[in-house]
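Order as written gives the chain letters A, B, C and D; numbering starts at 1 within each chain.
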Amino acid sequence: MKALVYHGAGKMSWEDKPKPSIQFATDAIVKISKTTICGTDLHIMKGDVPEVTDGRIIGHEGVGVIEEVGSAVSSFKKGDHVIISCITSCGKCGYCKKGMYSHCENGGWILGHLIDGTQAEYVRIPYADNSLFPIPAGADEEALVMLSDILPTGFECGVLNGQVKPGDTVAIVGAGPIGIATLLTAQFYTPAQIIMIDVDENRLNVTKTFGATSTINSQQSNVVEAVLSLTDGKGVDVAIEAVGIPATFELCEQIVTAGGHIANIGVHGKSVSLHLEDLWSKNITITTRLVDTVTTPMLFKTVQSGKLQPTHLITHHFKLDQIVEAYNVFANAAKEKALKVILTN
Amino acid sequence: MKALVYHGAGKMSWEDKPKPSIQFATDAIVKISKTTICGTDLHIMKGDVPEVTDGRIIGHEGVGVIEEVGSAVSSFKKGDHVIISCITSCGKCGYCKKGMYSHCENGGWILGHLIDGTQAEYVRIPYADNSLFPIPAGADEEALVMLSDILPTGFECGVLNGQVKPGDTVAIVGAGPIGIATLLTAQFYTPAQIIMIDVDENRLNVTKTFGATSTINSQQSNVVEAVLSLTDGKGVDVAIEAVGIPATFELCEQIVTAGGHIANIGVHGKSVSLHLEDLWSKNITITTRLVDTVTTPMLFKTVQSGKLQPTHLITHHFKLDQIVEAYNVFANAAKEKALKVILTN
Amino acid sequence: MKALVYHGAGKMSWEDKPKPSIQFATDAIVKISKTTICGTDLHIMKGDVPEVTDGRIIGHEGVGVIEEVGSAVSSFKKGDHVIISCITSCGKCGYCKKGMYSHCENGGWILGHLIDGTQAEYVRIPYADNSLFPIPAGADEEALVMLSDILPTGFECGVLNGQVKPGDTVAIVGAGPIGIATLLTAQFYTPAQIIMIDVDENRLNVTKTFGATSTINSQQSNVVEAVLSLTDGKGVDVAIEAVGIPATFELCEQIVTAGGHIANIGVHGKSVSLHLEDLWSKNITITTRLVDTVTTPMLFKTVQSGKLQPTHLITHHFKLDQIVEAYNVFANAAKEKALKVILTN
Amino acid sequence: MKALVYHGAGKMSWEDKPKPSIQFATDAIVKISKTTICGTDLHIMKGDVPEVTDGRIIGHEGVGVIEEVGSAVSSFKKGDHVIISCITSCGKCGYCKKGMYSHCENGGWILGHLIDGTQAEYVRIPYADNSLFPIPAGADEEALVMLSDILPTGFECGVLNGQVKPGDTVAIVGAGPIGIATLLTAQFYTPAQIIMIDVDENRLNVTKTFGATSTINSQQSNVVEAVLSLTDGKGVDVAIEAVGIPATFELCEQIVTAGGHIANIGVHGKSVSLHLEDLWSKNITITTRLVDTVTTPMLFKTVQSGKLQPTHLITHHFKLDQIVEAYNVFANAAKEKALKVILTN
């Protein structure tokens, strides 16, 4: 089969690889129908994720059709259409029993990381019963690609951890795909205000059509002043970090109100300054989280009922064998006005 | 009347001051029976709290007897015995209605800070109906002094915010009075292990008799290794910071397990390094809080039922007019083996 | 002044009464701008509420303008526009401190019940600082009448107690004003399905325009079968009782799924059969609640932000002195297609 | 092998049965070391549980040693010592993913009910990875038999569902084994009072040594008056029903305070009267639950740390082949002063 293979920092190729086969009784082999590219894949391609070694097939998102199942798989059979979760869950370790699949002792984030991933014609999915979700006939499969990672990530790490409530004021720092996934799912809880903060005017304009009540361009305004002005001088109830650098996290520390929440989504490469000299008495809560994908069944229901429109996130389409070109577009997201790309096999 | 008065950094005196009188219809005047000294009072005396100005009567803890009430006070009358809360609550602002009295728009921590306090023969208590708690006949009033500040602080900022649960492993960094108040109230939730960490061997030994299951002297051991060794290599479910310096907060970052909680109690004077490069994916929660004293009625019930023994915290007794000597003892707590001192009027 | 006065079962009149005056320092006198009639007022008029005695002015909802405040009132002054809460809260008893204002030891539901109410030109409001909410300039005051009682009732007793979550299936039994208030506020949490059940086809049709995803006419269908058919045979996650008779409560017992919630809003006059022989092993939760109005500030924010449209509930308008006629319309709600009426002073 | 076999109402025998064998790759065969008898087994023997058919081996509790595992079992191997959960969990259905194992689509309560159980020399355990818990070397295995059912039942259905909190007043109606399991685990949350209510003076006396603060003999006292007298006229915060008949459930309705919880544990055979005419406005919560055994790992930690002493529950010991005699003792629990019996293979 063909697959996108990582060959060290800056080197990838669409090349022949052996088709995967069942290795354990709990495995399934899935023929990919549609996949996409994650910001994390760009980090991998730059060489920032040293666990990914030469020869690894990249990708941890997608939908497909079951090709074959191991003898212990009971929930799926050949021909079933499925969503692939970015997180592999064994269903039996202590973390899985607590709903913290991200830290599964036998899985977690392994696809396109520690084992071969989804940017390929076929992929092997360990613990298939717990790591795949069924797609009923007639569903919009392209929309459901967004349930592999980006929507549960925005929802769990941003919205749930931030404890967004009706009437709240929310700021989301970063209007890239993950910030927009957060924006879409924050509206499940009917906050009064959602303020989007970014440097890219195009992305900010897009967010206005997706439910943002205000936008702040951090290159053109003093963000702290602008947020205070929008919130009667109080700051926001929930500040969500969706970038992953010290400046944006520390901005969240400055704009959160007493009693508020800072929910970190960003993947950080270095430490940040936590200003406890100001925050020790402000009754705030700060959370971090690697997505658990524990809310995927719930998100699926909101998509099926029309309450959530994941296709808002999709800007570009390619054939799977055009994936190298797709990476180029996605790597220049601001210039290309790209959010998520769909690659169809 | 006589009172302990602050006269600038390093200067205090026990001197004559006018007896306070009712200023608002919601005030009460309380004759102090017993009061104590807080670590915060030491900071004030060093000049570290610039809002406290020359001439201020210090102190925010104590029990006493109502001397006079304003016309709008309905829950108390002359002669009633009361606990004075360190936090003044108006009962009607948005923060009070949310149970976040620490940020009361008309109160908060003002006693011995922005208005005259309790280290005196009499004190004026604003919003008496919401800021005092009744003491029934026959109660141990000395024990109840510990409900003014230290027990709700350890319980709310440490135990409740840390979400201590049955079976948990808990580490408390700092075995001073506040760390011990946390130790006592953490046992309300029956954790499997409570590990106390400090530099003072005497204090660590004391904690063993109060429920600590292990102690670590951070001057004699590698604390991170010791904690991992006590927890099957996992780290603790809850790490509680009860010191207020960067080193102890950053220790909490190192010993907390995936999915765990860091609850800050300490008053910090500078920022700390938050190692998001490690923590972003560890699903942790960090909290800060100024005590709200919202749990005082509940803590009172646990004292009355004998489940909580606040007298464990009391090591020294003085007459109120010996307060300068008491400050000297409390300022040399390690040498004097002091936790909380009681001053009796 | 003029007021609507109860004179025993079936007898009311619009007549002269003395204008109320300040009785306690915490009182305010409010000139009514707009008021409305509650289903509970109909019960009172039938003589079903024996605590209401001859001579009582009825009514517990409304907006108005402060005419005078007692000396201890600090949050309001003459001329301020206010929402009157149906629940009077002293702000200082144990129940108020827990946010359970409905059981306030000095208040609770007393307006138009134990003391004179709001269907009058003026009303005295005890504990004004805690029982009134400010209306900013430019707000739609007619809409805000719905915040006195019906919206917090539907939201707190139905939606919050029912723990409605994104993706849930919800059934609301009763499509009267309170059922519709529940329907409007349930959407704060983005359930996948909201099934309205009633006997009145007109009301069911109205609910479709307000967010119901399905309706069931219980006179035309087997409701249990219809609900199971709409929910893949499982029943609903949340069943909300908004009628107050045994048949509707027992219907909720039949349609709730394992692990689900039954939230009672209805005022019941007799006991119901709780089928523990079926339910003991179904992991369900049943709640009752008298509205606490603790969410009024939050509901106000959702109205101000346009997320909640209370005017959906308003079908009829009268002048205040037409109130007897308004009662006739409201008492024949089905025939008159009436939900809430507005009476303007 | 030998096993206790049900042969219709009132008929059981200790007889030869084929030794069970692996039927599915996820099965394990466990050699029973110790088992016990549950109140539910008595119901089965009376013929009250029609799903149990002639020839069924009874029993759903026990500890043992792994004899053989299926090819898909990864957490256990031959020779491992294990606790058998009374609830079988597949780990992959929607209910299991929500932690509601009691309603597992492929398991739930099946042992000694729908499939052969543990009152035998060997038992087949489906979904072994999710339905067994490891016992480390040196643990008190007899104590751990109490983790199969009775302790998680008392804790989950009574204590957790009742939301017992520090300082609460709790009443437990029924001082049999399940009531005592509730009493032991309620103390995890340090309530101020635990009132035990029963008809058996011996059992009430036993509970005093296990942490009850008061006892009420319902044959000798007016229970409602006695509870009100013990709670300043308020009633209890949490009323836990551990009997399973209408009278005891309706007693809970009478003694629960406003804002309180009624947690049902009892297995009910008929409906009860729910007095909504009194309760509709009392802000109460009623829960039902079949034990999920989701807290077994946590309970295990409290046993290992010495915080929970399950051996308090054990009154009698027999050899496994004396089981018919043991049933006789257990069926006459009051006369025999029996709580739980241990049967050793």
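Following the convention adopted for this analysis, a residue touches a chain if its C-beta (ideal position, glycine included) is under 8 Å from a C-beta of that chain, and two chains touch if they have at least 3 such contacts.
Owing to the predicted nature of the structure, the values given are computational and were not obtained by experimental measurement.
Visitor: Looking at the contacts, which chains touch chain A and chain B alike?
Guide: Common contact partners of chain A and chain B, which must touch each of the two, are C, D.
Visitor: Is the number of contacting C-beta pairs greater for C-D or for B-C?
Guide: Looking at contacts between chains, C-D has the larger number.
Visitor: When the centre of a chain is set as the mean of its C-alpha atoms, what distance in Å lies between chain B and chain C?
Guide: 42
Visitor: At what distance in angstrom does the C-alpha mean of chain D lie from that of chain C?
Guide: Centres of chain C and chain D (C-alpha means) sit 42 Å apart.
Visitor: Could you pull out the residues of chain D that touch at least 2 other chains?
Guide: 297
Visitor: Which stretch or stretches of chain B touch chain D in the complex?
Guide: By the definition above, chain B touches chain D via 165-167, 187-190, 192-193, 213, 297-302, 304-305, 307.
Visitor: What part of chain B is in contact with chain C in the complex they form?
Guide: Residues 25-26, 71-72, 74-75, 91-92, 94, 96-97, 99, 106, 129-130, 294, 297 of chain B touch chain C in their complex.
Visitor: Contact residues on chain C for chain D in the complex?
Guide: For chain C paired with chain D, touching residues are 95, 98, 100, 102-103, 244, 249, 258-259, 264, 266-277, 279-290, 292.
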